[in-house]
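Chain naming follows the written order as A, B, C, D and E, and within any one chain the residues start at number 1.
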Amino acid sequence: MRETTRQEDLLRGIWRENPVLIQLLGLCPALAVTNSVENALAMGLATFFVLCGSSLLVSTLKKLIPHEVRISTYILIIATFVTVADMTLEAVVPEIHKALGAFIALIVVNCMILGRQEAFASKRPVGRALLDAVGTGVGFIIALLLMGSLRELLGNGSLLGISLFGPSYEPWVVMILPPGGFFALGALILALGWIQQRRAPRSQPQEWPEGVADREAA
Amino acid sequence: MNGALSVRPEVPAWRLITTMALAGVLAGALIVIVHQSTQPTILRYKAEMLRRAVNQVLKQPERYETLYIYRGALIASVPEGVQSKGLDRLYVGYGADDQAVGFAIAAAEPGFQDIVRLIFGYDAMAGRLLGMKVLESKETPGLGDKIEKDAVFVSQFDGAATPLVGVKGGRGSDDPGEIDMITGATISSRAVIRIINNALERSVPLIAAREASR
Amino acid sequence: MWSVVASLAPVVGASIWFFGPSALLVLIASCAGAICTERGIAGTRALRDGSGTITGLLLGLTLPPGIPLWMAFLGGAFGMAFGKLVFGGLGQNVFNPALLGRAFLQAAFPVALTTWPASASSWWSLRGDNFALPLMSPQVPDALTGATPLGLFKFEGQGTDLGSLLVGSTGGSLGETCGLIILLGGAYLALRGHLNWRIPASIFASVALLAGLLHLIDAEQYPGPVFMLFSGGLMLGAVYMATDMVTSPVSGLGCWVFGAGIGALVVIIRIWGGLPEGVMYSILLMNALVPFINRVTQPRVFGTNLGSSAS
Amino acid sequence: MRSLLSFRHGVHPPDHKQATEHIPVRRMSFPDEVILHLRQHTGKPARLCVKPGDRVERGDVVAQADGFVSSPVHATTTGTIVALELWPHPDGSRSQALRIAVERHSAQVPRPRLVPEWRTLSAKELIAAIRDAGLVGLGGAAFPTHVKLSPPEDKKIDTLLINGCECEPYLTADHRAMVEHPEKVQHGIRILLHALGIERAMIGIESNKPDAVEALRATLPDDLDVTVHPLRVKYPQGAEKMLIRALIGCEVPSGGLPMDVGVLVQNIASVEMIATVFESGLPLIERTVSVTGGGVRRPANLTVPIGTKLRDVLDACGGLTEDVEEIVFGGPMMGMAQADLNVPTVKGTGGIVVLSKGESRQGETHPCIRCGHCLDACPIFLNPQNLGALALARRWDEMEAQNLMDCMLCGCCSYACPSSIPLSQLFALAKTSLRKSSIKGKAA
Amino acid sequence: MQELFWILLSAMVVNNFTLSLFLGLCPFMGVSSRVETALRMGAANIFVLTITSICAWFLNTFVLAEAPYLRLISFIVVIASLVQIVEMVIKKLSPTLFRQLGIFLPLITTNCAILGLAIFQTNRGYGLLEGLFFAIGAGLGLTLALVLMASIRENSELASVPEVAKGTGLTLIIAGSLSLAFMGFAGLLSAA
């Protein structure tokens, strides 16, 4: 594996390898609970907590965990942190906990978290693992906030519950409904792709799809 | 990775089991500790929410008590050896004169999108509703969720005669049993009326039996 | 393509006849949304074949006359961008762009999309707040709202007589009031070979059959087949939307399956669903099934899988 | 009226036959030069047996059959071999051809060289004689006739189908043959039945040629089971598989041959040619060609020596008009467009169609709108829409999995396509690529 | 009976697991490029969902009644081991079935639809029979969404999709459109 600097470990997950927008991990929460900035933030923070906690624990205990049972152990660790987060949220912010519902528990099966354990935390020193977790977690929060703002702004005319367009704004109800989630993420990814395409040197327009040349050469 | 795997020494089975067991115990312990510390807050909040809902639909009674539905009868306390957890319940509110002012009944049935969960107060003597509050719904924002947020719609249930009848909005009838449905959210409005009527159908005989036995 | 536009002319004319200048404004706005988006995003790739105009017109015809123009424009733009351009343009899309735009509007602005005009004082007066500021809510006076025949039936158990359904003197979207004119336009297109007659035929047949059966079982609860056929957007949907060649199956058998599926879904949604009208959703759902239908209804290739009849 | 026999799907292009269908066949005068390609037929090209400088007479063998699926080539005019060189072939390639400088017309007296008394021959000897006469199918594919007449032991042929459909628009040579020489057609059938050792033949004719039906019915033999069947006017009624579907009612299995259902199909021109060969004693050296279309001044049905250059044939018909768009060998549906006026006719050339600007269907290609017209047209029930999309993505293997190899390139899909997508050209390309890769695969 | 039917339909179309609850998105976005694969994945999901539903009910009723706070951790452990056991049993009993479903089973462990089903079922207090209908409905809904998506994607592979939209962008737009279309089922069977 290529050696990486501390800075890379931290920044990688925030933008260049953003878990949601680039790697398409953790789509379930990114779509299900981003109908308002508030929910998105709560979900992001809860996931952040679980990710950092389990990365810390996994990288600390990596020598003690036998290879054969590592996945089960990771899941166990993650589930523990999720349960803790679930109960804490319910005690501290019960309204938000009610809005997020079952999706807090479903952080357990967020492939992003398990993926970081398997790919990074189980192989690196504690400090690096924590940096990586913080970066990825912040990237996740950013993506969720983007989605949340877009959907709340269009779907409710407000941000964090503060109305921006005045009372006669006609909300696009669809944006806080499930289809709006798909469309918002789709539009975000299209926009990102479009920006990247404009930055990148213009590629040759191809009449035939790629791979034709390979086929013929083969 | 594959190279690393092949040189990895064989780990004895007992170590795997011990690790898992240890992890399980540690995880369980951690969860129990957090549970112990958060549980009181959570329970207090839940109780508070319930108290508010009941008080709201019963129009602020002096006090209320919980009745359990056990073997087709309403009882105030559960007999020995029976778990109270799984039992359906309703709440009876008392006025200043210690007279029962009404019953708060919770019910849930499918609405337009998914299950609608609500609670309503029922004055058994007058056969009228005292109030209604939607506890949980996923109805269309801006339209179906008016059953929860539209004050005019909600206020119609205060003092409505039972059984409820839904009529098209804007008719302006004085009949106390008629509920003006929300324009454009007829299905959600009808669901609320249906849920209350069905719940009454189930509960009224129980309440009547309880009154009779007094 | 332009012949489809031409065959829509009487329908457009009828909508203006019934709903006055509002109808014209809404149609112009939805067309502008579709065409501007096609030009703006696809640029030079945009085709001058009139398919953008068709999308805009069809979308406009499914909208209520009193809708703010900015919503009609938005619907056209959405349908064009996410229903068509993102798939690669003409011939590549899966969902009917006009209906996708309409479904989006319906989900986004459920109130505005279900506010129907009852009648207007004069032909010239607008049927709602067409000129509401962009992104702002329309001001709808309560007196203006009426109901569609399907809404009347579903929510109040009232029927509408066949005469008004045929001629179109009922409440509803721009293009869903006059069944006869739509049928004529469809016949013209079918004769010219621009639409596959199997699709409307199978839709009508399955709706009539299912509705008829239910009506026989309980005439009180379920409306009769004629009412089902001529109310709501069924005519417009069956003749102009479901027959969109790009989003319907390629084989004859596939078209029968497709049409029958739409008809069945229409009856299911109208009778057991929460909405009074389900034509739009039925067509979109069956659009989604088209690639699957195409796979399954692939005809047996000549000379393959010969049964005992061979030799 | 009983509905006419036919197959399912197909298209109805306007037939455009009125220009030549009533014009009797005439013989064109000998050109100054003929070009004899060694690749006149399907199968292995003939092996040369003369050299430049040799003088050859009409009917002399210039190239021997090389193997079983091959057929000899004969000098079609008396003259001197000028050169053996690469020359444009109607299929678009360049291949080996003999240039013969033609002598004056008085030298063109034919010298019979075949035994005309076919009745005395055994089936085997008759088939050998047919091979020596250089007979191939004249419908277009030019498959050697003797090969068709020699099915493997396990395939029993019980019926001879005669294809008188001439379903390609414009072409009328077969029609004229049936009207002018019905007795020759019956004679040819007799010879073929003798070679096959069977007694049953069915003639299928599209119902737009009532005079041909009449003529053939009037000359039916008493001693054989020969019947004439008018068929629905529909393209490609004359494709072997479609004809069998129409007349016998069964389908030739995918990848199989007519003999798999006990049938042999012969084109009407081939049948007439067999009779001509055994009457005159001369091998296959000339044939009737319909020269027609809006781009030719005097459309005609011409008897043309094989190897005559396109330029000479057109000159014999008064030359080209101003608004020529496209010249096609064969019919407009399946024929090959030609780019060079020096290209010579070959044995399979039965028509030369010169399309004027108004007639050519070469339009601007638009995106596919999945209208499904191609599915309704395809006589073998493929899905040309999907195949076309796969072809554009060059996914040949998936095309093969979807029975591309059963496609006979009839062109119905291209004709039916409102967006003018050149589907059958794409399929031809795909088939060629697949064949190439399968050859490569075998070699590797 | 009507109620059970409603539970089934609700999980299948009205509140489709994938299109409106966003459960099982990983296979939806990842595996759904071939119809055959989608069908098998769907079948495997229906199977595991049904078994999970039964197990979750037993756990809730007999084991977790006293310690609901251990629910999540025991669910995830049970599901993970369940999938392992199912895999082994199928391998023993029907090698054919194993060949068809085999590679999908491990993927299912981290599929949020399974855990989601167990949690939703618990939150709604479904009994054994209701849970079964819920599981089958959810499985059918997943399969429906997977197959629709797969067939549409197979179709769009041959389309000249703009470079920007290729892959995820288009998949999300299609998913959104499907989700919009499924809104037509809202209120099904509950309008009475």
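Keep in mind that, in the parts below, a residue touches a chain if its C-beta (ideal position, glycine included) is under 8 Å from a C-beta of that chain, and two chains touch if they have at least 3 such contacts.
Note that the structure is a prediction, hence the values are computed from the model and not measured.
Both chain C and chain E are touched by A, B, D. Counted as hops between touching chains, the shortest connection from chain A to chain E is 1.
Taking each chain's centre as the mean of its C-alpha atoms, the one that lies farthest from the centre of chain E is D.
Using CA-based centroids throughout, the chain positioned farthest away from chain C is D.
Comparing chain pairs A-C and B-C by the number of C-beta pairs in contact, the larger count belongs to A-C.
Chain B and chain C have Cα centroids separated by 41 Å. Centroids of chain C and chain D (each the mean of its C-alpha atoms) stand 51 Å apart. Computed from the mean C-alpha positions, the centre of chain B lies at a distance of 28 Å from the centre of chain E.
Computed centre separation for the pair chain A/chain B is 33 angstrom, with centres defined by C-alpha atoms.
Contact of a single residue of chain B with at least two other chains is seen at positions 24, 27, 31, 35, 39, 112, 140, 142-143, 187.
Residues of chain D in contact with two or more other chains: 386, 392-393.
Looking at chain E, residues 69-70, 73, 77, 159, 165, 169-170, 173, 176-177, 180, 183, 186-187, 189-191 sit in touch with two or more other chains. Interface residues of chain C, counted against chain D in their complex, comprise 47, 49, 89-92, 196, 245-246, 248-252, 254-255, 294, 298-304, 306, 309-311.
Chain contact summary for the complex, chain E toward chain B: residues 6, 10, 14-15, 65, 69-70, 73, 77, 124, 186-187, 189-192.
On the chain D side of its complex with chain C, the touching residues are 241, 245, 250-256, 260-262, 366-372, 375-376, 379-383, 385-386, 403, 406.
If you check the complex, the residues on chain A that touch chain C are 165, 168-170, 172-175, 177, 179-180, 183, 186, 190. Within the complex formed with chain A, the residues of chain C that make contact are 68, 71, 82, 86, 104, 107-110, 112, 132, 135-138.
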